[in-house]
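Paired with chain B in one complex and with chain C in the other, chain A is shared by the two complexes that follow.
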Partner chain A sequence: MFRKRRIIPVVVAAALALAGGDVLAADPVKVGALYPLSGQVAKSGEDTLNGIRLAIEIINKDYPDLKMPFAAGEGLPGLNGALIELVAADHQGSPEIGMAEAERLIVQEKVAALIGAFHSSVAATSSQVAERMGTPYISGESEASTLTERGYRWFFRTTPSSRTQARDFFVFLRDLNKNRDAPIKTIAVVHENTLWGQEFAKSVAGYFKEFSEFQPSIVVGYQQGTSDVTSEVQRLIAAKPDVVFHASYDAEAILFARTYKQFNFNPQGVLAIGAAFGSNAFRDALGPDANYFLVREHWSRDLADRNPLVGQVAKMYRERFGKDMDGTPARAFTAMMVLADAINRAGSTEPEKIRAALAATRMPPEATIMPWEGVQFDETGQNTLTRGIFVQTLDGVPKMVWPAELAVAKLVWPRPVWR
Partner chain B sequence: MTGTSRAYPVVALSGLLLLLGVLLALPLYIADRPFELRMAILIFLFAVMGQGWNVLGGFAGQVSIGHGLYFGLGAYTAVLLAVKFGVNPWLGMLAGTALASLCGVLVGIPCFRLRGHYFVIATLVVAESVFQVFTVWEWVGSAVGIELPVKSEGWINFQFHRDKTPYYYIALTMLVVVTAGLWWLRRSRIGFLLRAIRDDEEAVRSLGFSPHLYKSLAMAISAGILGAAGVFHAQYVLFVDPFSVLGLHISVMVALFAILGGTGTLAGPILGAAILVPLSEYSRVHFSGSGRNVDLLIYGFLIMVIAVYRPDGLMGLLRSRPVLTMLDRLGLRSVLLQSPHIKNIRKGNSHAA
Partner chain C sequence: MSDQLIAQLVVSGLGMGFIFALIAIGLTLIYGVMEVVNFAHGEFLMIGMYASYLAYVTWGADPVVSLPFIALLMFVFGVAVYYLLIRRVLTGSMHAQIFATFGLMVFLQAAAQFFMGADYFAIQNSWLSGVITIGDVVLPMPQIAAVVGASLATLLLYALVFRTSLGRQLRAAAQDAQAASTLGINPSTMYALAWGFGSACVGVAASLLSNFYYVFPRVGAVFVLLAYVAVALGGFGSIHGALVAGLLIGLLQVAMGFFVSSELKFVPVYMLYLAVVLLRPRGLFGRM
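And now, the complex of A and B:
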């Protein structure tokens, strides 16, 4: 088969590769991504995957103006400019399909690492496969606290868990109390009854010991999709909490806000997890009544004021996918960057080396687009340097008001009474 | 008619044995192809579930769209026994089957008083209520779900990690056992009574039989089979949460597979699963990823086509005249289709009308 004439160009190319670096690029590094790309949450799954796509584009192509790792130059320098190849798989939100797809990606597609999986339930089963097969797994947005409590060796998570997110609420209130004569004391929790709301309520309950200056008031759970919350609000009024923590989706957030006004319920502040209390839908529905609600966010475009990288990446995202970036794609983007950084430092696609590199990750805050203090994993694989931000709608525009060093507007507290 | 099908039992039997032989040997060819192996396992699993549904929905004519409940109860029972009390999963399977059966009978007590559409609604409501309870019940893991601890693989632990072939054989065995059991049940006195209940409950009552008793019996068998399937699923996925084992979509899917395959027949649920599972899997692999749900659209469209053109299910295809003639020749008719006895009664009815 091989004739001499054929060999010569190969030798020349090899020599060029040695001399010039990336004339002959190394084999691409395959990364398997598990996301819900059809079914109920297909849109969110696609948006999240787009965050990963953008990260890979920035790594694979040359963006000299972007001041972040791997933007300048093509591919991963630690692997002779190897490009990253994305192999996306659709798990439809099913733990069973997620498990099967993880197996397929590892065995048949031979991916070097997995990233996923939006749903915590799918992350649970698919990371179990990865654990068994010894494949590094990184999650940028699956939040269930239990995921990093299983003692897994191969699972890493850059996003704060729901428990850590709940902690941000207490840190925020403690910070507020520093400058107040009459401290904030009692906290009520209102939560919807699916996984997310339940985890939040449970996590909040667990922090009253560490933050002993606060006292739990009433906890009100409700069925998602309910059309009347009068009795819930009356229970709140009877309990007279200083502040209310909220875990609600769009429709019920609007409903609660309207009912609060109707019954003239005036806590000092309403603090929500998730975007519902600051969403476009919420502001459109409530007009001026949407003001002063506080939302704990993962990410905000306002961060661009301090970190130009945020503005650049958000602009690229908007240009590529015709949609504004939000907290979930931003976190998936960051997880992919952290994974790429680890593979690059490992200088190899060997699973054990990538795992070791992930465990040794030390990413400074300015290298990410997040408001975090960086990325560094503890022994459970959880990123310990995460931080939340609080956004308050002021004059109809959500503004970042906390932490103070990142704030773009001044927090209004306590919220003015209903008019 | 009875004569023609009885004349060729050897052909029928050898046909079935050949099919079984092929299925037994299949893992040799797909063992290194996890996708196909998993699909085969899913087909067997859904076929078992469809068979279970069919006892109540097909034989006895009590259509339930809440059968996911028993699947979930089976799965949860085995997982909870294993996690909280360290019970072996095989014992868990017995317990899951028994508990699902029992719950089925309990649910039946009030629900069997309802007829037609109201029974359907009641099954749905019960299943949905249990789903809601499980999402907030702390002890069973609430909405977070429970992971089964990974143990060393092997038959005793009912866990196989590297090679999934044992799951294939377990699922296949379940299907064969269930199908054989139901084959016997259909020809038994109980089977005839169940079909009589489906056709005219009052007539059965006037003959001195208690329809409620026989419906409860059908429910017990039906729910038990679903429970066993649930345990298998839990051991296979090693994870249960309310959405993935108690969700409404499971109830719908089970009923769908049996109805599209052909209610009341033994081959119907198998056929339904053998066609719909690959359809959904291949459409997911080939058409999803666009975020536009094309795969589910195609899947839904095909279901609509079958429902419009073959409202009696895919088994209805088998009842077209040319196919019937061929089946008679092969002696497969009585194996695949409803028993000739019932067929004759129905014909008589339609003539009268």
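And now, the complex of A and C:
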């Protein structure tokens, strides 16, 4: 008698759930991932996708020792333990293919949300499709500032835009100036001349108003694939800036560093965007001369010193994929976690509900593996709580030196003169 | 504008100019003797640089020491390319020759990427790293070495082509292969030698470059495009034309880069090239 009574509501609930058809308890939630998996940057695309794979694995399987959301227990609790199913698509770095694949994922695969796309150019076109079809789209590593300036409703971005990254350079210098008698004043910019370098130079120029204690010095743009940078360096020497901001790829980073040494160019610091001035190739090519260059990074394994989660996740990544995690997979991992958190809170795969949940995201810093203050989107869909770190190569090893509360080594400033 | 700065700009302009010139001379020598444009010339440079780098890391042989061996190695390589590939397409159409050297370029680039990866390698602390200071003027050693080494190599080649019996035979084969063969000169051997000497020039350039430039599979493209310009500017087949044009390019780009804008530093080079092509299509010193 009692037994029967207790069973009835369960049966009714199950029947209702079936009738609703929207979410079946164990139905997996499909997430479409758009990445370059063949072609020139296939390797980077694969690494980035691996970050997402690891996030999904942590969500879908039981990791009781990991202190992060969805690690303990299997699947998403808000959807009765539904698992996440990854549907990866290869856009080959082509905006057109990205567009077609986005459409296929939404219409045929019926994914609940999209994640991608490494290339900003592909994120731009594929998110257009998502916007038209009303599907939530999250990007963890496409940086072009314009992506969140289009007034899209369905596009969200966890990584800082390239413009915000330029701002970090000024925040860093202002912080340094706090306890200095002779403040840092003049800033030169050296940039390669494709879209990336130009955008950086433009972003820097735009921040001199907000950070009025600094003055622009010379701006030196150069063509990628140049054979000699003597004239560029001579112009820098003539301008005598306190600090140089650099946007260069691997090859020219080596060339510039060597030429700086040859002509004994000694600014107080050289700060670089992008990894070139701290890369393995750079350190191998220059030996001890690679020291003291500063690189603005998104992520560092040194973060593990303060946040044990970072160490655990980095170790899992290494064990699973046989490669060290770096900033891009770490950011893709975080974007996937943010998306899962939103789907979980939405308690549904209905696009409008996921979108509302994404917009309401409040992720505290300790729940992520990033050095950020958390994740929270503004009305353009941009995460406003990002923060950059600066890494300096010291004795041949890149070490996180800023911000001070996360630093594992003491910043060397000004950089010693060339010997 | 100090004298010191001018001296520095001139030295680095000449340093790069001599490197461009040496690469261009190799190219123009092959063209001058048999009218084949070697599209894989930049990749010859790349091979020379990898050889120099590998000699340094495996045996600790400084580029100064390995230079003659690299030149010799590239000589053999050039001769081998002639006998294994070029000789077989010589009788074919012009297209066959173009596709053969173009294909060789693609093949060598892909092979380098396969064996060495896409990474950048550079020689650290070679004997010629560092600078000499004369008064206030800071002159980087590698660039001075480039000037000295490249001008010596050019002189040697000059002496060989214009002062020896072998050189006369080369020129004879270049002027009229049939007539030369009636005089007992084997044109095929001469062609092979042209490929050998042309490649050796690039070998010397590669060796000098490896003192200060890094090597990667596509390094050839950085230099060889300007070398083609130097060849056309100086006149196809003209050795001293290539030399003068190379130096001109080196100096022009440094001056433009410093005084105007480094984004525009190759603009005057290509404008000069266009002007020469339009007004004097045979080039500054070209015959025709």
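We adopt the following convention: the second predicted complex is superposed on the first by the 394 of 419 C-alpha atoms of A that agree within 3 Å, B and C clash if a C-alpha of one lies under 4 Å from a C-alpha of the other, contacts with A are read in each partner's own complex, and residues count from 1 in each chain.
We adopt the following convention: contacts are C-beta pairs under 8 Å (C-beta built on N, C-alpha and C of every residue); 3 or more make two chains touch, one makes a residue touch a chain.
It should be emphasised that the depicted structure is a prediction, and the values quoted were computed from it without experimental measurement.
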{"item": "Superposed partners chain B and chain C on chain A - clash or fit", "value": "fit"}
{"item": "Which of chain B and chain C A:Arg132 touches, first, second, both or neither", "value": "first"}
{"item": "Which of chain B and chain C A:Asp27 touches, first, second, both or neither", "value": "neither"}
{"item": "Partner chain(s) touched by A:Thr146 [first = chain B, second = chain C, both, neither]", "value": "first"}
{"item": "Partner chain(s) touched by A:Asp62 [first = chain B, second = chain C, both, neither]", "value": "neither"}
{"item": "Which of chain B and chain C A:Asn193 touches, first, second, both or neither", "value": "both"}
{"item": "First, second, both or neither for A:Gly287, with chain B first and chain C second", "value": "second"}
{"item": "Partner chain(s) touched by A:Asp175 [first = chain B, second = chain C, both, neither]", "value": "neither"}
{"item": "Per-residue contact with chain A, leading partner among chain C and chain B", "value": "B"}
{"item": "Contacts of A:Gly221 with chain B and chain C, given as first, second, both or neither", "value": "both"}
{"item": "Overlay on shared chain A, then closest C-alpha pair between chain B and chain C (Å)", "value": "8"}
{"item": "Common interface positions of chain A, toward chain B and toward chain C", "value": "193, 221, 223"}
{"item": "Of all residues in chain A, those that touch chain C in their complex", "value": "193, 220-223, 225-232, 234-235, 238, 250-251, 254-255, 258, 262-264, 280-281, 284-287"}
{"item": "Chain B contact footprint on chain A (complex, rising order)", "value": "37-39, 42-43, 45-46, 88, 90, 92-97, 99-100, 103-104, 107-108, 120-121, 124-125, 128, 131-132, 144, 146, 150, 193-195, 198-199, 221, 223"}
{"item": "Chain C to chain A touching residues, read off their complex", "value": "5, 8-9, 12-13, 15-16, 119-122, 124-125, 131, 138, 140, 212-214, 216, 221-223, 226, 253-258, 261-263, 265-266"}
{"item": "In the complex with chain A, residue positions of chain B that touch it", "value": "33-35, 38, 132, 135-136, 142-145, 147, 150, 161, 233, 236-239, 241, 243-244, 284, 288-296"}
